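Each of the next two complexes has chain A plus one more chain, namely chain B in the first and chain C in the second.
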Partner chain A sequence: MKEWNEYPDGWVWLGQILLVGAGIAAVVLLVRLLWRVATPYLAERPALDRPLGIAGGVVAIIGALLPWVTFVLNDGPYPDKATLQFFDSPWALSGFRLHTLIIGVLAIAVVFLPLPRRRVLRALGWGSIGIALVNILFPIIDGGGFGAITSDGESFAFGGIATLIAAVLLVFAAKAGGVLEPIPHWKSAVPTLVAYAVLVVSFVVLLLVVAMLLNSGGQGGVGNPYAGPIFLSLLAFLAGVLGALHAIGLTTWISALSDKHKWFSVIVLLVVALALPFTEAGTDYWMTTAANIGVYAATAIGLNIVVGLAGLLDLGYVAFLGIGAFVAANFSGAAAAAVGIELPFVVAALIAAVVAGIFGAVVGSPTLRVRGDYLAIVTLAFGEIFKKAAQNNIGGLTGGANAIPNVPPVSAFGQPFDQPLTIGSVELPSGVLYYVLIIVLVALVMVVFANLKNARIGRAWIAIREDEDAARAMGIKTGQAKILAFLIGAMLAGLAGAVFAHKTSTVAYDSFQFIESVTLLAAVILGGMGSIPGAVLGAALLLVLPEKLREFADYRLMLFGLALVLIMRFRPQGLVPDRHRRAELANEGAEGVPIEELNVHDDTPGDSKAVTR
Partner chain B sequence: MATLLQQLINGLVLGGLIALIALGYTMVYGIIQLINFAHGEVFMVGGFASLATYRYFLPPSWRSDWWLALPLMAIGGAVVAVVLAVVMERFAYRPLRNAPRLAPLITALGVSVILKEVVRLGYPGATAPVPFPRAFVDQQYRFEFFDGTVSIGSTAILMIVVSIIGAIVLQTYISRSRMGRAMRATAQDPDTARLMGVNPNRTIVLTFTIGGALAGLAGVLYGIHITNVDTEVGFLYGIFAFTAAVLGGVGSIKGAVIGGFAIGLIKTLSGQYFPGGTQYDLVWIFVLLIVVLVFRPQGLFGEPERVRA
Partner chain C sequence: MTASRPPVLAANSVSMVFGGLTALSNVSLRLQEGQILGLIGPNGAGKTTFFNCLTGLYSPTTGNVELRGRVLPKDPAAVTVAGVARTFQNIRLFPSMTSLENVLVGRHSRMKQGPIASLFHGPAYRKGEQDARDRSLELLEFVGLASVHDELARNLPYGDQRRLEIARALATDPSVLLLDEPTAGMNPQETEATRQLIFAIRETGVAVVVIEHDTKFIFSLCDHVSVLVQGQLLVEGTPEVVRGDPRVIEAYLGKPPDEVQAEVRGYAEEVGHGGPDATQVMEPVRDVDGGSEGGNR
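Then we have the complex of A and B:
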């Protein structure tokens, strides 16, 4: 135990905490005050949108050209770490300064074009707020206080400040007149070939954007602490641009086209996903990460059946992933397996799915009597029982604290899946076969989900979610339907678990803790309950962000918790809302979050309605 | 026989702790039908706050006198826990009062994760269990009983006494005082209570305050009894306390206390006598939780659940 003197004086510390708290509160109050004053003022003056938009655009361009503190990579500590970039070569802008310039130019252009300019300006404004905040806050927090954004103690990094002002101007321009214009409707009756071309182009662009995002700033970690901010800044820019595209009706049009040519888009999407290894993101590292994302995405889609469709909160869901993994590991021929037989992967995966499904039905059976949040606690209890049982090596099946190590990789045609693959002269990174396997799995799970959702049982689930008593009165066998939801959801998780076992090669009980269930739940809620692209997007964000923000790895869980609270407060329908839920939870309170428009590859029908506000 | 008695005593001590936490659960659930998942973390934060009071705020010369140090630590822990509970109510739960029912539960989950992580990262050395000072008379009383020796520590006695006194005071307050009547009225029917001149927000804040204070107190008692605190205990004891509240009947003070003692006894006795031993004692509690929820969701002393949309 340390002595008294080794600790800081509590009162000093308390004072600092209070001071920081007061500072944050003051900033929040100031922003709210500004907002409260400006909004009604602007609402009565619709003519202000053009001048404000032009001003915002001009200031953004100036901001892009002014000096910034950037993440120019000089090794070593501050002040060498944060380098001031001066306006020495206006035509050689790159990175976020280029993005800011593009936003400025777009903002000025849109003012003079016959487009819904306020909507576009709003999206661009929030995008540049993101860029400015990321690029101002990171040097301050990471580089050593406010000193980090002044150079030599003299000149000041005005670029960030100017961009922030520009962003505020743009957002206020959108507030002029009080209401936003309607999103223009583009005719979706175009020749089939044109539609195909548009779909191919959009999906290819999507692929390239994803690859660019994954590679932006390089891989995170100790050697490169700047990967995170660069990634976040790019994310903010892309979100702003996507929001602008949504505002002019483009994404809605594409999504309507993909609804119309559903099978074609599914095939293109599959091909595009399989093409990721051939892009710049085709490295060992990203293939492995993408495969992890796939496992989680498949599990999250399974959870989405239970939580999103049937409205039954499950807090122990990761147990089914674990059951699937342990079953597959036991049939894999690993030395520590309790079962001596080695089954082909496909058979083992099916057994894993069935076993997990049976457990799912067992866990779901209390739904016959228990409702709502009590049910959530029951599922949590089951999850904990699973963990405890696995930890204590129940029946010798789980290896306990020793886990089941050395699960052999899946192999087909004599090619183990964890080795690099050479086709002709093209050398593909190792892990690419797992990536392909996972893509196939996720596609399969998506097809199952989409079909179930629009089938009789899916509609029954949604009816139960909305009002169980009414559903029962309408003749739905609610008990059967709810247990079926648990069973199918658990089967999908079990399937994912089988892949997980072979891919990670070690199956240990501590991969299946309560916090993993929370992560899965966060993925479903972040993406939007009941929405397939939402679950995939949520899982991808929750796994890619930690990879990119390695230096904040400690704060990962805290940020998850914060995300849960904020989403429930401001955007309960998630980033890519399902259309039923969107109608239900329409009283949206948050501004911005333009990522909502990422659903260009949504294959559920009728997702083309605008978010009403 | 001595083993049995020893385990009974251990169970009662654990039960007293669980009962203190369960009171907060049961009151909050009774009044706004929210499973305040983060309540266990409030208990954990209370423990850390009292430790911080001892370490960083008490002048060294006061720390050796338990009659000076312990009340101040209890005050420190309880104050922080109360502030936390009230802030939580104001900023996380109140905006969601008319949201779908799952929304506040998910929020509570998020708050619980945040609190745990903030303490784990923010408190010096909290990534591992942090040793707690022996701020109370550390006396073991031993006596012979049939075939062996049974021992009970002074902290253990304190725990049982405080939890029982706390429950009695709370019960009296709720059944006799004006605010207690307001709380019962709000729990029964918030709209009618409002018509009768009860301020529901004030009543709810008071409920969170009492729950937070009891949890903070429990944190101090846990610390001096176990002689360390750990960020993990919030979740674990939160679940225990929730089980206790459900077992006793959610909304019932008496139920929470009896449920708490029952859970404590089940944990120690099943760890001693059931197959699998202490490694499976949690499993038995969870099994009990499931069985109670499925077959008697209103618990031992609760009213049958009202039909809610």
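Then we have the complex of A and C:
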């Protein structure tokens, strides 16, 4: 076997990239052609779903047992026994090969069970496409070329290609008969205790999955080039499994139960979130990352009021986070603070929220005059004004290029929040207290959002978003309502900013640039506008992905952009869409591509047309 | 009608000039308590412009509009609060909200909860919310849409959308309801149901103004009919008087000003009286009217 680093750099590398690009284009064209031919053919042959499903499952199992890569990497076998020869140790698979094996077994099993099998097969198929693509592309692009996943003359490795074929078979199995089965409806009238048990179990599973996801492949970085692919591959696997669970109606049932027992769910979710430090993800690193996610999530939820509910595009939103951070820093007693007094954190945070809210109302007032694109430009300009003002230390409040360093940590009961915490014999990592503080903050912001959304004012915002003139004709004072949206959104960002200031301990203008506003907006849109879980998921993905993709530092923004484009192409309503938005975008979004191709299906009455199309 | 009683809604010599175009000149109108008033006229006569003046969407160049003797404010929201509600010629529901939510938005101005109360969802808040919900369901029941209260407005059939718009307008507790072509695109059965619905609305003590192309519908519905032609009030009176007036026949049904308008009107008449295809969305008719009258929206 050749060693990985025998492959040259530079032009050869560029050539390989081009080659890979051409290869991908060719494959895409081929798949499209196949798709065109196969879809109508399969639509008329519903009996083919079983044989195709079984074939897909069998090929997937074979793929899992075959070797995937022909090389041994410098740092050991690529990711996890991927280079094992067939039958070397077939029953000791782990990592993505284990996932592939599980998908194969599940696919065969579901064919014989009284379940909506085409739906399940479709989800499993797309999941294994993800797994196969990640684990084919990484060895190719990282220097192995096509030889890495086929044969280099001495050894062979067709696991990836076999799995890709299996995945296509599974997806085609779902095409047999045309229309997908309806998602079964589980009755949500179960005894309260059963409902509680189900909810506890599902949230605990969720916690373990999150911990597993965070920990998968370890911390990204130069020392660990595999973190990215391992994480992405696991993500694809989990998406496939989640899709399968959705297909059999389980997720819908659980969310109906949690809707019914709202308060219980909220409490369990809080407890579960607070339990994260006790899992394998309870490291300094992940506590810090999780706290960052929390700050972004809280801010994104605030932005969700402005963009998701009231439909006002704000491109300078991060300025409010900055205003909150600078206000809190100035009242923190830091040496560089312009104000000499040190206020308790809670008071400083409230002042930060109020100041940010005032600025929000000021920025919001032009909304009375301008709409749509013009408003976006006004907010964009405000974001730039804030950045420049902070950079030039206007009023001596921001420290300019020197920033405001050494903001003391928040402390309570003599325990500074940035130190490790020992409870009894359990030592928790440093940053755990900030994590807890931010969980509380996110919970608070969620309550604010949910309560406003389902109230008179929330309905007024949505009405304005849908048709401003009609809203006015219904007696809504649209000007007031819009300014209020800006004001409340900005207050929530200001609050998050206060936590941010203490947590990062240095508040500098360059933390609040245009790209941050865009990231926040992307979090909102990616997760699903107007939806709380969406905003949290969006913020989490946008912060975890870069951490995991550190190895691809040069390309991660490119990959990231590509991922966003793909998601917007195939799921414009966002990952966890709000009901209203889903209705709006689910039909027209998948234009050209029938909606059943999407990984997770929607059940709004409107898209029955799209399904039969 | 009894001339001694003061009218609910009075338009006093309303004129509306867009640049050089006089859309309305000196139009006056009196709407009595419990009356159903029909406003008819050929396309481009200024009916919708007049509606927009009544609801504060436009402020008249000269003249004013009074509700129970008080001049109406210029802001549409304030006009609604004062008690004038409307529907739109081309349906303008909130498409991605449910039927119930649409009607709840109509309750907006009659609810008290501010943002602070909304934050805490206290007992008073919840009672207000429940009352609004009850009232909205009642209104949906009234227009016959209770069974689809959880359906998104965009998914309702066309006729139901028109009725939902009426329910939403009624949710503002109006003294006067303005209906802009409530039967456009409806088949004869639906048109009849709408006629009964408007009578039922009158029973609840709301005075109604209706714009309509369908003269048969207007003459069988209204107590009083006003005819607008080229921005001017041509004739007004009881349906019998208006129907018999030779000027109306000439202006509205007779000699056309030009060939194009005749064609357009002929089409409107045909569809307005309802054929088998009339349930479908009547884009051409609404386009013609919207283009000529609503162009300044």
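Heads up, the rule we're going with is that the second predicted complex is superposed on the first by the 523 of 613 C-alpha atoms of A that agree within 3 Å, B and C clash if a C-alpha of one lies under 4 Å from a C-alpha of the other, contacts with A are read in each partner's own complex, and residues count from 1 in each chain.
Going forward, a residue touches a chain if its C-beta (ideal position, glycine included) is under 8 Å from a C-beta of that chain, and two chains touch if they have at least 3 such contacts.
Because the structure is a prediction, the values reported are computed rather than measured.
Colleague: Looking at chain A, does chain B or chain C touch a larger number of its residues?
Modeller: Of chain B and chain C, the partner in contact with more residues of chain A is B.
Colleague: Touching A:Ala47, do we find chain B (first), chain C (second), both, or neither?
Modeller: The answer is neither, since A:Ala47 touches no partner chain.
Colleague: Return first, second, both or neither, reflecting whether A:Phe560 touches chain B, chain C, both chains, or no partner chain.
Modeller: Only chain B is touched by A:Phe560; chain C is not.
Colleague: Looking at A:Gly372 after the superposition, I want to know if it touches chain B, chain C, both of them or none. Which is it: first, second, both, neither?
Modeller: first
Colleague: Once chain A of both complexes is superposed, is A:Ala471 in touch with chain B (first), chain C (second), both, or neither?
Modeller: Only chain C is touched by A:Ala471; chain B is not.
Colleague: Looking at A:Ala460, would you say it contacts chain B, chain C, both, or neither? Reply first, second, both or neither.
Modeller: A:Ala460 contacts chain C only, not chain B.
Colleague: Looking at the overlay, what does A:Ile488 touch: chain B (first), chain C (second), both, or neither?
Modeller: In the superposition, A:Ile488 touches chain C alone.
Colleague: Could you look at A:Pro572 and tell me whether it touches chain B, chain C, both or neither (first, second, both, neither)?
Modeller: In the superposition, A:Pro572 touches chain B alone.
Colleague: Do any residues of chain A touch both chain B and chain C, and if so, which are they?
Modeller: The overlap between the chain B and chain C interfaces on chain A comprises residues 467.
Colleague: Taking the complex as given, what residues does chain C use to touch chain A?
Modeller: The contact residues of chain C facing chain A are 55, 57, 75-77, 80-81, 85-86, 88, 92-97, 101, 104-106, 108-109, 111, 113-115, 118-121, 125, 129, 132, 151-152, 154-155, 168, 172, 297.
Colleague: Which residues, counting only chain A, touch chain B once they are in their complex?
Modeller: Interface residues on the chain A side: 1, 4, 7-11, 13, 311, 313, 315, 366, 369-370, 372-374, 376-378, 380-382, 384-385, 388-389, 391-392, 467, 514-515, 518, 521, 525, 554-555, 557-558, 560-565, 568-569, 572, 585.
Colleague: For chain A, which residues are in contact with chain C within the complex?
Modeller: Checking each residue of chain A against chain C gives 448, 451-452, 455-460, 462-463, 466-467, 469-478, 484, 488, 580-581, 583-584, 604-606.
Colleague: With touch defined as at the start, can you tell me which chain B residues reach chain A in the complex?
Modeller: Residues in contact with chain A: 35, 52-53, 55-57, 60, 92, 95-96, 99-107, 109-114, 116-118, 121, 124, 131, 235, 239, 242, 246, 276, 279-280, 282-283, 286-287, 289-290, 293-295, 297, 309.
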